[in-house]
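Next come two complexes, and both contain subunit A; in the first it sits with subunit B, in the second with subunit C.
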Partner chain A sequence: MSDNDQPRTATDGGTADAEASAEVTEELPAPGVGETEDHEEHALPSLGSVKRWFVTTNHKDVGILYIVTSLFFLVFGGTLALLMRIQLWQPRAAAGGPLDALAYNQAVSAHGLIMVFWFISPFAFGLANYLVPLQIGAKDLSFPRLNAVSYWLYLFSGLLFGISFFQGGTFAGGWTMYAPLNVPKYMPTAIGSTMAVLALALFVASVTVSSVNFLTTMYRMRAEGLKMRKLPVFSSSILLTVWMMLFAFAALLAALLILTSDHVLGTQYFLSPEGGSLLWTHLFWFFGHPEVYIVFFPALGVMAEVFQTFTGRRLVGRKWFIASMVLVALQSFIVWMHHMFLTAINLEVKTLFMATTIGISLPFDLMVFSLIYTMIKGRIRFTTPFLFSFGALVLFIIGGITGVFLGAVVLDYEMRGTYWVVAHFHYVMVGGATALFGGLYYWYPKMTGKMYDQLLGKVHFVMYFVGFNLLYFPMFVVWETPRRVFNYNPAFTPWHQAATIGGFLLGASFLVMFYNLFVSLRTGEDVGDNPWAYATSAEWAVSSPPPLENFPGIPSYRGGTLSFLDDVVPASEVETDGGQEAIEADGGEVVEPDGVYATHDHGHDSHASIWPFGISLGMFLTFLGIAGLRPPDSTDLVAPGAADPVLVGVGGVGLVVLGVSLFAMAREPFYTSEAPIAERWPYAHVEKVKLGVWMFLGSDVILFGAFIGSYVFMRFNAGWVEGWHVFIENPIPGLMNTYLLLTSSFSVVLAMVAARKRNTPGVIASLLTTFMLGVGFLINKYIEWSHLFHEGHTPSAGIEESTFFLTTGLHALHVISGLVILLYLAWRAWGGAYLGEDEPIEYFGLYWHFVDIVWLFLFPLFYIL
Partner chain B sequence: MIGYASLLSVPLQQLVPRGTRVTVFQNIFWVFLVLGTLVGIVVIGYMFWNAYRYRDGNGKDYDDGDLPQLGEIPKDGGKGRKLFLSFGLSAIIVISLIVWTYGTLLFVEGQDTGQPSSDVGVENKDPVVVDTTGYRFNWSFEYENGKETNGRLVVPEGRVVQLRVTSDDVFHNLGIPKYRVKTDAIPGETTRSWFVAEDPGRYRIICYELCGQGHSGMIAYIHVVPQEEYEQFINNESSLSEISASDDESGRLAAAR
Partner chain C sequence: MSDTKLYTIIYVVLFVFATVQVAVEFAGVLEPETYMIGLTAIMILSLIKAVLVAGYYQHLRFEPRGLTYLMLGGLAGVIALTTAAAYSIT
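Here is the complex of A and B:
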């Protein structure tokens, strides 16, 4: 288990010494090796069987599921866009046109949400799922079952969003969901909009699981010799994307949990006149701006790969290209207020954010030039993937130049809320999607083993490119049209009609793509390992499609080029995967460090489990139930209706399904092995589950940070002392709880010590002590809260109460999750587990200590200050 | 900030656009548009030219020396100097443009309270202050003497109008395209903005932030009238109907500009 057992340690410092027993068995190319990979041995049904797609945990299968699902959402979001374009054919009065006002607002909002969340990122992550392990030389992701969980959560979150349309209508407040329009008081579609918010929260859960998984994989499973800065550009772009996702989506999760609570618990955050409205814009854009790069980076990665292959040149200034991406990823977290230039922020702050905004645009100039210069002295082949990537670069240049207009604050003042913004971000975002379609055409032969019709591919590109520009360029011309409005100036009509025609052309172009790719599955010409000359990355060195475990041996770049070493996995390397990991209903995931540490013959990695589906189904049903809840005591705040008992019942069923599935997945024997030789800098000495726990805790820090920040923001706006009614008069319960938690951290350490000493009663006793202390914490809190409720301090009584109950409530939820895991640990210890294997307890301890530390912040903030 | 503004803009006095918001916007917008178009044509043109010149099969200039090999560790394609030269050029263009507009930003920011600068170009230096409140789905305006109007803003010609904008319910955004003025209307906050009321007539006031079902129709009107008419109006000596007799269509078309 520990890294000490490993035959050797690789670092990124260039000292990757290899074990002598690992021999180079094959030089490239190695056609067809591994094609005979047997499926039955892994209990994975064949590709043709429906069951396979429900149980698979293989990264390539999951990648295909992601891609197919995201294309479905492309059609969904695209249809909504076409409805909007029909409405905009001419200026309409409120009742005119095919959509009424509310329906139009729903279409606008759902189009934005679906395209940003359910189409473009998952589409990129379909490609990433399929290709990143191949490119870095890994058999799969670190936690294959968690990868499947990510996918199913994604699918179910989209379904939940779809169902929200049938709950009286979905969310209608724009994809930016500005407060306080986003609370039920102003939302005529109360349950539907709650459900849409919850769908987003479920999506964030999927993203968080996925981010942790990719980070752990990319830091722990690279082929020997593949240092971090030597990753193929697509993989580099994904690495930076998941880093941004880990933190940015945590901020979004905070915003969504607060919003959900405003919907179903009656808290007062966003309705509060003490800056509730601004709080949302801060939280949303702190997520929202990195999101732009989260969407665009994978597209940059695809462009770089495709440009290199089809020009037959290496990327010019490769290291500066990657350095630019790193710079952008870091800076992306300090530009969010440029979305808020017209709110009441002062000149100093505006100046600062103007500067950071210009700063973040410059690295993109370098990347654009780098791509252009890569073409020089190349041998450019205008294949479908290249056309799409080339087109994407053209569109991105236009999007970038028009973005500089918005960077000039004086112009931004006038362009805010107009079609200039709409046109600009569609050139950037849909420009990015253009590159991703290029990526699909680039890797389709790898995924299917078939080539599509190149002519139809080019027809698609021409229709797409013409349609795109006909759709979005007129929006620059009539940029004075206000966003999300169908009653525009009649003088703009011809331009809007051109845009509508362009929209339909763009939509129709996809019919060509779907036809081409679908038919080619059967009739396409077989391709070999590598249909594209000058492709260099590892996915092209294996068969198309690649075998189940990707490589015919252990990939290594020791000699400077890719070779495959003899498979020499010592049995001690065998580990379990997701048995240690559990997903939880609080929207984030909690790593449950337990599992089946059986010794197992290597080479029989598991690839099938139904429980990721079960867990996600359970969460889906649970979230359906939460959407049906309404605050008990604040009917005046909630426009229509009371709780929906049917939905709530469904939620109850969901909790049961979730619990059973979590337990079953934890108990399920599931084996994954880690390659004995891999680049693991800088985490060579951090075991993968531990690394995963740390990554997750990193995002949890942002989640709590956002909650605490929200409290501080609201209190500061109200007036820290004079404007804020501190209703907690007795800090003693809080103080008692501080000591209870601190003591419980200590008893977790005792459990580890006992495990090391192979003392089963000691382990059980220490774990149960921890459990009892945690229960004591909750009982104490229960008494405190009921006392407060009796005094009229309910969550809906005011912003003071809202912040207190929600922030400490989120913490209590973390405690409860910890207790569930503790029970499981104790039960396993009863069966004799963990003796000499204290890692699961250690990883639980990390989580538990973190929960303690959070309380050490919450206690003074809410009880003393 | 004003002191800082004048300090910065002394050498730029002639360069930095000043005047009404319309003047300022038009000047900067056109410079950006012309430069942006130029840069776009050069860069995209260069792309196409290279794509054409180095197309496969034209047999020239191809560097066969060091072709990318399958399975190689990713390597750098060189040409770092050229890259940095172009990057430097683009950075200079972008940064100088933004710094240039920053001077104007300081100027614009200085006018929303107190006496306007002489650069604004109005004779009557007294600003007209109007408290504006957005509500679903209209705007209400409160004048300095306490008079209130709904859906109609009446201002005197040739004066600086300073707006104090807030909202009664949700997040709105008030914009008068004719005068290039726009500011958020946020519940619990007050934002400030200003414009010069030129050209008597009737123009649209539009909401630029999605605020619910009536958002598309949340249009109010601004009536720019001569000073005497304005005074009569706010002193209740004339009614809205007398003022709103001004030409509807000219206002609508003007909003299109």
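Here is the complex of A and C:
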């Protein structure tokens, strides 16, 4: 169906009416036109070539890779769910069904992990990858190769998780991985469960790279005039999502690194009787609750876009809708303990977190009413995308209300660990996924240039919605069924059988979707630029699918509508709203353009590199190797077992592949242009690589903060002075290392000064001095650690030793990474690089100084106090 | 004042502060009766050092405030986590 003869009204970002602007100097290309030329110019193989999908760095290709891969994981996780539902057809011992006891536990755990991490978020980020650059008027993301790295790390992390099934079984302790059941002593599937933990850590690496990339892009590459408050709602939702991802996933990474260390190094964090289990819940849920919104926000963005388009109405209370999302994003970091009401935390803190939890429901009320009122004020067209989005709203309302029950301490005492929780979060999370399927139907014509069968789309929706409610609503009715247990009260049997039937209906509905979308690729009706009336964000102003570099010129909203600039315009001739000879950024800050406008640089950006694949393959193999390691001094607290030499060997190969790929990518000529004019508030004067480094450091603050916080928590729990055995009595080795690091920070600064003065020997000498000081730091640490080991203070000797070795060890790993970069910089400086151009040294310095700052806190905490 | 001179002065201050932190311990301030005073002094010294490194060596003082807020946001997160977690202990 195409209804593009309908009038257009502005919703987001001004109208997408290219003809309205006199600035347009090019016709928009027809679908596919220009692709051939692009391939030749960018050395990017054609869409039909398998090679293209291994080398592409283009955001639209990467988006499609994300979507297809995430749908594979939907099928993977869904199959595990159906196996569980078969098992639950009647209450019976595990041997009476298709799954034995351990297999059931693995299915439950893997289903949760796969759906939460490898399906929903990546599915949303497939859409985000494809659409955010289009919506903000950018050619691509800021760091296209890093975007490809994110995707390949995601794929390989999923592969690693899949392999864990064949290493004696995957993780079986539930998706929340509660301690102490998450450590090898209680894990019958030691290597497999270690591998699952590492798979998740690799996934988090992917997420972190992606967060940095999206944040940098959205703060550096918005079209002129596209201020923050004017972003299309989907892009706004993604912006807030990546902010939450940047901070929340760093806490999860800390938890996973500690858990990995407990598995392979024998540290004693989560086995510690003094708060080990509680520590896990704090770390996990500090991540876990923002994660709920990380999953749900993109769905909200889709709902807002789809509601606007198919009611023909601008979102009612749009700015309040966005303000509510901002509020929720902030509040999401102060509600985590409502997941811990049944742990040993005190009543005062439970009450406090009950209040914050009830508080976070209020902005959601506003968003829900905004969506409802948009429907009331508009004229609804019941297309497939709208049906899914509307269905998502209904499901979310039910999921939200039932969640408020769990936010109340006394009710939670009764309902925790039951199917009420299972039903509630499926209504929220799968409710969110429902909107994302709506998003897929909404943007499928844009991605493919083809329209699908609307009738089949509606059939899918009916089967989906009926199946969904038949599956999950009975769980509210028989809520007393214990969670994660395959046996239950026989009186509940009819309800569980209804749920099983609903599960299969839900699963079958996807066969309709896959058939419809697959067949439509070839036989679907061609669509123009915009098959949906009232859809006005920028992606609808270009062909379907869009050309390789998205726009026929530099997108601009300067005149209030979208136009494409193509002329050489000196900066001094640029007029803004106020007629100033500068570009007005958001917030009223006046920003001079970076330089004289260049002619729009058509066709010279790079779009292909194999090294993102190589780096990710190297990481994958390395993590396989780590999974094969066992603690060097296994104690009775750790399941005995020797390291797996094959896996460890594979890990060694992985390190080589990783090193070679990193070096090759650093040396590879890869050009990405930045539009000479763009909205960049509030980071207008921060160059994009620098901004990326700062974003990464923001995430690293949480990572190290969580490690330090874990130490403080464990020590506080034990009794800061009396209950904690301080085994490092001599602060001098720590002081020596402080001197070394401080001096190395100083020498990096001197290298930067030398580069500014075009003094090559000065640059090289300063960088090598920094290198030698870093090496000195490590040698000193080696001597200190050897001494401590000799005295019996090994990582597994106790929680005091565990916290010391792991926290300072993580810091040492950062130092080692810095030294590798330093060698590269020194080598480049030797070849005459960096003269008069100190940016690379400055950016390295940002990292190195941060490592220094971390040590400034580790030193007193571990050596003095 | 030239950049190099400023950086050098900061380096000397950092060096001295690190030494003072150990001196606090050697002076016996970390005995039980004065432990909190010693702990506070040592952590404040670390904080000042961190601010100096971030403000001058990382040039945060001369960058748009948005970068400072970014780092403060991360810091607020870990302080919330650590404080609330420690407070939650029964």
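Everything below uses one rule, namely that the second predicted complex is superposed on the first by the 787 of 865 C-alpha atoms of A that agree within 3 Å, B and C clash if a C-alpha of one lies under 4 Å from a C-alpha of the other, contacts with A are read in each partner's own complex, and residues count from 1 in each chain.
In this section, contacts are C-beta pairs under 8 Å (C-beta built on N, C-alpha and C of every residue); 3 or more make two chains touch, one makes a residue touch a chain.
Being a predicted model, the structure only gives us computed values, none of them experimental.
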| query | When the two structures are overlaid on chain A, which partner does A:705 contact: first (subunit B), second (subunit C), both, or neither? | reply | second
| task | Kindly classify A:846 by the partners it touches after superposition: subunit B alone (first), subunit C alone (second), both, or neither? | result | second
| query | First (subunit B), second (subunit C), both or neither: which does A:540 touch? | reply | first
| field | subunit A: partner with more touched residues, subunit B or subunit C | value | B
| Once the shared chain is lined up, is A:344 touching subunit B (first), subunit C (second), both, or neither of them? | both
| request: Once the structures are superposed on A, label A:275 by its partner contacts, choosing first (subunit B), second (subunit C), both or neither. | output: both
| query | Touching A:233, do we find subunit B (first), subunit C (second), both, or neither? | reply | first
| query | Between subunit B (first) and subunit C (second), which, if any, makes contact with A:381: first, second, both or neither? | reply | first
| field | Set intersection of subunit A contacts, subunit C complex versus subunit B complex | value | 275, 278, 344, 717
| Which residues, counting only subunit B, touch subunit A once they are in their complex? | 1, 21, 24-25, 28-29, 32, 36, 39-40, 43-44, 46-47, 50-51, 54-56, 61-63, 67-80, 82-84, 86-87, 90-91, 94-95, 97-98, 101-102, 104-106, 108-109, 136, 169-171, 173, 175, 177, 180, 182-184, 186-191, 206-217, 219, 252-253, 255-256
| query | Once bound in the complex, which stretches of subunit C touch subunit A? | reply | 3-4, 7-8, 11, 14-15, 18-19, 21-22, 24-25, 30, 32, 35, 39, 42-43, 45-46, 49-50, 53-54, 57-59, 63-67, 70-71, 73-75, 77-82, 84-90
| query | What does subunit A use to touch subunit C in their complex? | reply | 247, 251, 275, 278-279, 282-283, 286, 333-334, 337, 340, 344-346, 349, 682-686, 694-695, 697-699, 701-702, 705-706, 708-709, 712-713, 716-717, 721, 731-732, 735, 738-739, 742-743, 745-746, 748-750, 753, 842, 845-846, 849-850, 852-853, 856-857, 859-860, 864-865
| remark: As the complex stands, subunit A meets subunit B at residues 28-29, 92-94, 101-102, 104-105, 108, 172-174, 178-181, 186, 188, 225-226, 230-233, 272-278, 308, 311-320, 342-344, 347, 350-351, 354, 358, 361-362, 365-366, 368-370, 372-382, 390, 393-394, 397-398, 401-402, 404-405, 407-411, 413-414, 416-418, 480, 482-487, 489-492, 530, 534-538, 540-541, 557, 560-563, 717
